[in-house]
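Chain IDs A, B, C, D and E follow the sequence of writing; residue 1 opens each chain.
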Amino acid sequence: MTRTSRRWTEWTIERALQACAAGSVLITVGIIGVLVFETVAFFREVPITDFLFGTVWTPQFSDAQFGVLPLVTGTLLVSAIAMAVALPAGLLSAIYLSEYAPARVRRVVKPVLEVLAGVPTVVYGYFALLFVTPLLQTVFPTLSSFNALSPGLVMGIMILPLVSSLSEDALHAVPTGLREGAYALGSTRMQTALRVVVPAAFSGISASFILAMSRAIGETMIVAIAAGQQPRLTGNPMSPVETMTAYIVQISMGDTPTGSIGYRTIFAVGMLLFVMTFTLNLASDWLRRRFREEYA
Amino acid sequence: MSTRASRLAGDRLLQTMSILVLALSLVALAALLYDIWSDGWYRLDWQFITSLPSRRAASAGIYPALVGSLYVLLVTAVLAVPLGIGAAVYLEEYGGGGRFARLIEINIANLAGVPSIIYGLLGLSLFVRAFQMGPSVLAGGSTLALLALPVVILSTREALRTVPMSAREGSYALGATQWQTIWHQVLPSALPGILTGLILAMSRAIGETAPLITIGALAYLDFAPSGLMSPFTVLPIQIYNWVSLPQPAFAENAAAGIIVLLVLLLTLNAVAVVLRDRFQKARQ
Amino acid sequence: MTTSLRPLVTRTSDSPGPTTPVKIGVTGLNFFYGQKQALTDLTINLHANIVTAFIGPSGCGKSTFLRTLNRMNDIIPSTRVEGRVLIDGEDIYSSSTDVVDLRRRVGMVFQKSNPFPKSIFENVAYGLRINGLARNRGEMEGRIENSLKAAAIWDEVKDRLTESAQTLSGGQQQRLCIARALAIQPEILLMDEPASALDPIATQRIEELIYQLKVDYTIVIVTHNMQQAARVSDQTAFFWLGQLVESGPTEKLFTNPAEKLTEDYVTGRFG
Amino acid sequence: GDGSSSTESSIIAIDGSSTVFPITAAVAEEFRGTNAAAPVTVGFSGTGGGFKKFCRGETAISNASRPVSTSELEACAQASIGMIELPVAYDGLAVVVNPKNSWATSMTVAELKKLWQPEAQGAIMKWSQIRPGWPDEAISLYGPGVDSGTFDYFTEAVNGKSKASRGDYTSSENDNILVQGVAGDEFALGFMGLAYYEENQGRLTLVAVDDEDPDNGAGPILPSFDTVRNGTYRPLSRPLFIYVNSAELARPEVAQFLDFYLANTSALSKEVGYVSLTDAELELVKARLAARTVGTMFADHAAQSSMSLTELLQGHQ
Amino acid sequence: MTTSLRPLVTRTSDSPGPTTPVKIGVTGLNFFYGQKQALTDLTINLHANIVTAFIGPSGCGKSTFLRTLNRMNDIIPSTRVEGRVLIDGEDIYSSSTDVVDLRRRVGMVFQKSNPFPKSIFENVAYGLRINGLARNRGEMEGRIENSLKAAAIWDEVKDRLTESAQTLSGGQQQRLCIARALAIQPEILLMDEPASALDPIATQRIEELIYQLKVDYTIVIVTHNMQQAARVSDQTAFFWLGQLVESGPTEKLFTNPAEKLTEDYVTGRFG
C-alpha cells in the first residue's frame, strides 16, 4: 500500500467511525426534539412548579392535576427494588462464574442466564402478576394484588443478565498475572476476587450497573401490567404504584386524542425522565472515574 | 484477623452466596419457563407456526409474526451492530479522553434509559414520516436499532478497554496503522465482550412491543412480509394481542408464541455463544 | 518439551549436603501442561536458611518447577502434577493442605512483574491487609517503608506513593513486586529472575538483601546469570529439558560439575 | 395471499382502537376467504393514535371505541379527509364483584356515582358507606386505564362527565388484568368489557344496574346480549365504530371490504364477545355508507346516553 | 524524577565520532509525563550501522527515550515532547510525519515482552501481513522461519507453531518478540533489554545476531548489563535521572569516562 492510499484509507475509516459515533448524538437530538416541542406546549398550560412539586397526578380526569411526584416516587421505588435484586445478584453471579465456577459450568450457565434478557417484557409482566404476586401474597397476606414489589423483583431478574454477563466479561478479562500476584501473597479466592479482580474490572462492572439502572428506569411493560397504574405518592412497596414509563405507554397506546393536554403530558414526563437519567448518569460517571483502575 | 478457619469461612461464604444467588436466578428462570411451557406446549405444532392469525384460538397461527420478527431482527442487527461497534471504536480508540467524548459516553448510557415507547415516537416521526418508510419492516428494524445501540456501544467500549495497552503497542511497533491495530489485535481480543453486548442488545430488541405498535406495526396481518418495505407484525405484538383477549384459549396461544420466540432467541444466541467461547479460549 | 530423550540420571553432588534441615523435599515430580510433560521425575531437597539457585536454558522448566512449590500452577487449567512435594514434612498436594496458607508461607516474585493496578502504597499494603499483619496505620506505613527500602526502591518512590504502580519503569515495577513479597514475611521466598530488569547497583542491593534474608528464610532464585548464581547461592540446581541434571553446592557445580552437560552449560560451551 | 409488490398497493390499512380490533380482525379474516380478497392489515395503536394516522391519510379505515373528537375532526378536515362514521357493534360494560361477595347483587347508577365520582376519593372507602348494611370493609376498585374509551364512557354515563372520576383505583389497559384483580379480592369491585365477564364467569359475579328509569325496563338489569341490544341495560353500553376515509371508497377493494364488514359484523362481533347492532340499526348504517355521509353524529358531543343510537342514526341520515 | 538537580553538562567524549552517517539526531529533547519531567535536554547523535547502548540506573529514562524515537509515547495520554528528533534529517515530530511509516522503519522490542494472544506463527506473520511483505504462503513461511531462527527460538517452537504464544516460557516470549520485530526488517531497531530473561547461550545468540544486523541496520539497545554493553555496542550513552551524562565510544566510556558519575556507575561504585 502506498503511503497516500494508506493515509486515505485510515482517514476514511476514521471518518466513517466518527459518523457512527455522531449517530448517537443525532439520536439524542431526535429524542430531545420529539420531547421538547410538545413539552414546551405543555408548560405553556401547566406551570412547571405545579408539575414538579405537585403531589396529585390526575391529568386524565376532569379536574386534572399535574403533580408528577407520584410517578417519580413510583419509578424510583420500582427501580430501587429491581436494583436491589439485580446489582448484588448479578455481581455475585459474575464473580462466581468468573472466579469460582469450572469452565464448563460457566460455558453453560452464562448463556442460560442470557435467555432471561430475551424473554419479552410483556411475559415478565404477566409472570409478575400471575405467578410472583400470588406467591408473595402467601408470605405477605396484606400485599395488594397490584404492587411495586413484585414487578420490581421480576424486573431485577430480567436485568440480572445485563449485570452478570457484562461484569463477568470484565472480570474474565483481568489478566491472570494479577490473580497470581494476589494468590502469591496468601489471598483467598474471595480476597483475590473482591480486592484485586473486582477493582481491576471496575470500569466494566460499573458500566453494567449503569446499563442496568437505565434499563430499570426505562422499563415499561412489566410495571404497566403488574404495578397497578395507580399514581400514588408512597414509599410502600406493598401498594400499587404507577411509574413514569407505565404512564407514558398507557397514554400513547390508549384512546387519548393526540394534541390534547392529556397527550402532551407524556412528553413532559418523558422529558423529566430523560433529565433524571442524565443526572444519574453524570453522577455515576463521576464515581466511575474516581475508582477506575487501569491495567496495562 | 485471619485465622485459617475464618478465612476459609469467608471464602466459603462468598462462594455459597454466589452459588445460592445464581441458583435462585436459575430457579426463577425455570419457574418462568415452566409456567410458559405448561401453558403452551400442546399448542405447538407445525400448523401453529405456519398459520395466519385468526379469531379462533385453535386455528390461529404465528406465521406472519414469526417471519416479521426475523425480518425486523435482521434489519436491527445489520444496522445496530456495525453502527454500535463503529461508534464504540471511535469513542474508545480515536475519540481521546476529551470532555466531548465523555459527554457522548454519558449520553449513550442515558439513551439506554429512555423508555422504549419514546423510541417509538422518534421512529414514527423520523423513519415512518420524515424518511417516508411507512410502517414497514425497515422502519421497525431501524427503530429497534436505535434501542439496541446503547447496549452495543457501551458493552463494546468496555470490551475494548480490557485489551491491554501493550497489545496495541506491539502492533504499532510493527508499523501497523491504527485501523490495522484495531482490526487485527484489538477487536479480536475484545470480541467475547462485544458478542455478549450483541446478545443482550438483540435479546432486548426481539422482545419489544410498545415502540413497534407506536410506529404502526400491525396486530392483524394476513400475509408474511416479503421485503423491507412490507407492513409487518412481530411475535411480541401477537403475544400481547393474545394475552389481552378475553378468551382463555388465547392465553395458551400466547404461551406457545412465547416458546417459539424463546427458541428463536436461543438459536440466535447459540451462534454468538459458540463464537464467544472460541475467541475466549483462543485468548488464554 | 521433547520427552523422547534418554532419561538423565540425576546425581546429587557427592559432597555432603548442607547442614541445615530440609525445608522442601521433592520426590519424583512430574508436571504436565495438558499432554505435554514439562517436568520429568524431579527429586531434590531444598534446605532451610540456604539460597538455592535454579539455572538452565530458557524453556527448561525453571518457572514451572518454582510454581509447583506454592501450587501456583493450580490456576492454569488442565495441568497435572505427579509425585510429592513436602514442605516441613507435609505434602502440599495432599487434600488437607490449605493452599492459601501455603502461599502465604511460600512467597513468590514472578518473572514478569505484575503490580496491581493500584497505587504504589496499596500494592505493598495489600498483603499486609489481607493477612492482618498491621494493627494500625503507623505499623502499616512502617512495614511498607521497610519493605520498599529492602527492595531498594524507597528513594525513587517515597514521594509518589499514591501514584499508580503502572507508571513505574520496568525495573521499578520489578522491585515493587519484590517489596510486595517481602512485606508479608513468608518462610520461603521463590524469586523468578528477580533482577532481570535491574541495573548493577539495584541488582547488588537485591543480592545483598537475599544474603541477609537467608538467615531467616529459605530462598529459591531462578536466574540465567551465572555470576549471580555464583554470588548469591549456596546450592545450585541445573535443569535441562524439564529434567534436573545435577544439583549440589554452588561452588562445586560451577568448578567441578559431575555432568558433562552441566559443565558445558556453565562454561557457555553449550548448544 | 402473500405480499408481492402488487398486493401491497392494494392493501387495506386499518388502525385504531384495540377494543374494536377483534371485530375488524375477524372481518378481515373472513374477507380473506372471499373472491374479493385483498390484503388487510389491522393495527391497534389506540383510538387517538389511529385517528392521527387516519387524518394523515395513512390508513383507509380507523377503529374507534368512542366518537371522533372535535380536534381530530378538525385535523381531518384540514387534510381534506372526509370520514364516514359507521357504528358496528355495542360494547356492554359489566360491573363485577368477587364471587364471595353476597351482598352487592345490584346497584343503582346513583350508588355507582357515589362510589366513583371525584369527591369519593379518600371519602368513600368502605362498602358500608355505599349502602347501609353492607360490610364495614374497605372496598378496592378496579377499572380500565384512564385514557381508554371505556373509562371515558363509564365516567360520562355514571358520573355525568367524561373523565370525572376518583383516582385511587387500580387501572389497567388490559381487562384480563382487572379480572385477575377482582377475582383475587373478596372486597373488590370493578368494571370492564362484558366479554371479559363472559369468559370468566366462574371467577366474577355480575352486578345488576338500575338506572331508575322505568322506560328502559324497571328495576336492576343484568347486562346480557339481549339487554344491551334492546336498550334496557342502560347506561353502561356503548357503540363501537369504524371510520372510513371517503376518498378510499373509490378503491373497489375498500368498498367491497366495507360491504362485507357490514354484512358480517353482527355474527362476528357476537363471536368475539361484543353485542351486535339490531337489524334496523344495521340497515341505517348501511344506508349511511351507501350515502357516503361524512362527519359525525356526535358533533355536539351530546352524551350518548341521552339519545339512542337508532335515534342518532335516523337524525343524521 | 527530581528535577531540582544541578543540570549536568553533557559532554561528548573527545575522541572523534563514528565515521558512519548520523541516522538519528536528537537535539534538546525534553519529555514530560503530565507535570513530571522524565527527560531533560537530551542531545545525541545515533549513527547508522552502529550499535549504541543505553545504560543507566533503573528509572533514569532509558525506556522513555527509546520510545520517543519511534513516537511510541504518542499512545500514553498527557505526555509531552519538546525538542527535535531527526531521522535521516527529517523531523519525526513534524506534522507531516507519517507515524505509521516511521514505526515500520523503526522497529522495537519492548522491555516487557508482549506477544499477541495468537499463535506463535501468527505473531510473526502479523507484521509481514500488514506490511504486505510476503507474496505467498511459501515466502511467508520462509521469512517466519528465518526470523525465528535469527532470534534463536526456532528449534524450540518449530513443532508448535500453531500453539498460543501465551504458553511460552518467559525467555521464549522475549525471543518471539525479537523475531517479530526482525521479520519486517526495519532500518532501525530499538531493543529494550532484549536479553533480560535469557540464559547465557540464548543471550550470546542474540548478541551475535545484533553483531550481524548492524551491517544493515542502526541498532539501539538498552541494557543494564555492563558486560553486554561492552560486548555488543560501539557507542554507549549513560543516562542518569533523565539526563544524558555522557556518550561516546564504548571502550572509551568504560575505560576512561569523562565524568566521575559515569566512572562510578560503570565500575559499580555508585549509589
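Everything below uses one rule, namely that a contact is a pair of C-beta atoms (placed from the backbone, for glycine too) under 8 Å apart; a residue touches a chain by one contact, two chains touch by 3 or more.
Note that the coordinates shown come from a computational prediction; the quantities given were computed from them, not determined experimentally.
Among the remaining chains, those touching chain B as well as chain D are A. Each chain gets a centre from the mean of its Cα atoms; the one farthest from the centre of chain E is D. If you tally contacting C-beta pairs for each pair of chains, A-B comes out on top.
Centre-to-centre spacing of chain A and chain D amounts to 36 Å, using the average Cα coordinate of each chain. Centre-to-centre spacing of chain D and chain E amounts to 83 Å, using the average Cα coordinate of each chain. Taking the mean of the C-alpha atoms as each chain's centre, chain A and chain E sit 50 Å apart. For chain A, residues that reach two or more other chains under the stated contact definition are 6, 10, 175, 188, 191, 252-253, 295-296. Residue positions of chain C touching 2 or more other chains, listed in rising order: 100-101, 112, 130-131. Those residues of chain D in touch with two or more other chains are numbered 18, 44-45, 49, 173-174. The touching residues of chain E, counted against chain A in their complex, run 98, 100-101, 132. On chain A, the positions that touch chain B within their shared complex are 6, 9-10, 13-14, 16-21, 23-25, 27-28, 30-31, 34-35, 88-89, 92-93, 95-97, 100, 107, 109-124, 126-127, 131, 157, 160-162, 164-166, 168-170, 172-175, 188-191, 193-194, 201, 203-204, 207-208, 210-211, 213-215, 217-221, 244-245, 248-249, 252-253, 270, 273-274, 277-278, 280-282, 284-285, 295-296.
Residue ranges of chain A in contact with chain C, taken from their complex: 103, 175-188, 191, 195-196, 199-200, 293-296.
The part of chain C that touches chain A in the complex is made up of residues 70, 72, 75, 77, 100-101, 103-105, 107-108, 110, 112, 114-118, 126-127, 129-131, 164, 166, 177, 180-181, 184, 186. Interface residues of chain B, counted against chain E in their complex, comprise 96-97, 164-178, 180, 184-185, 188-189, 282-284.
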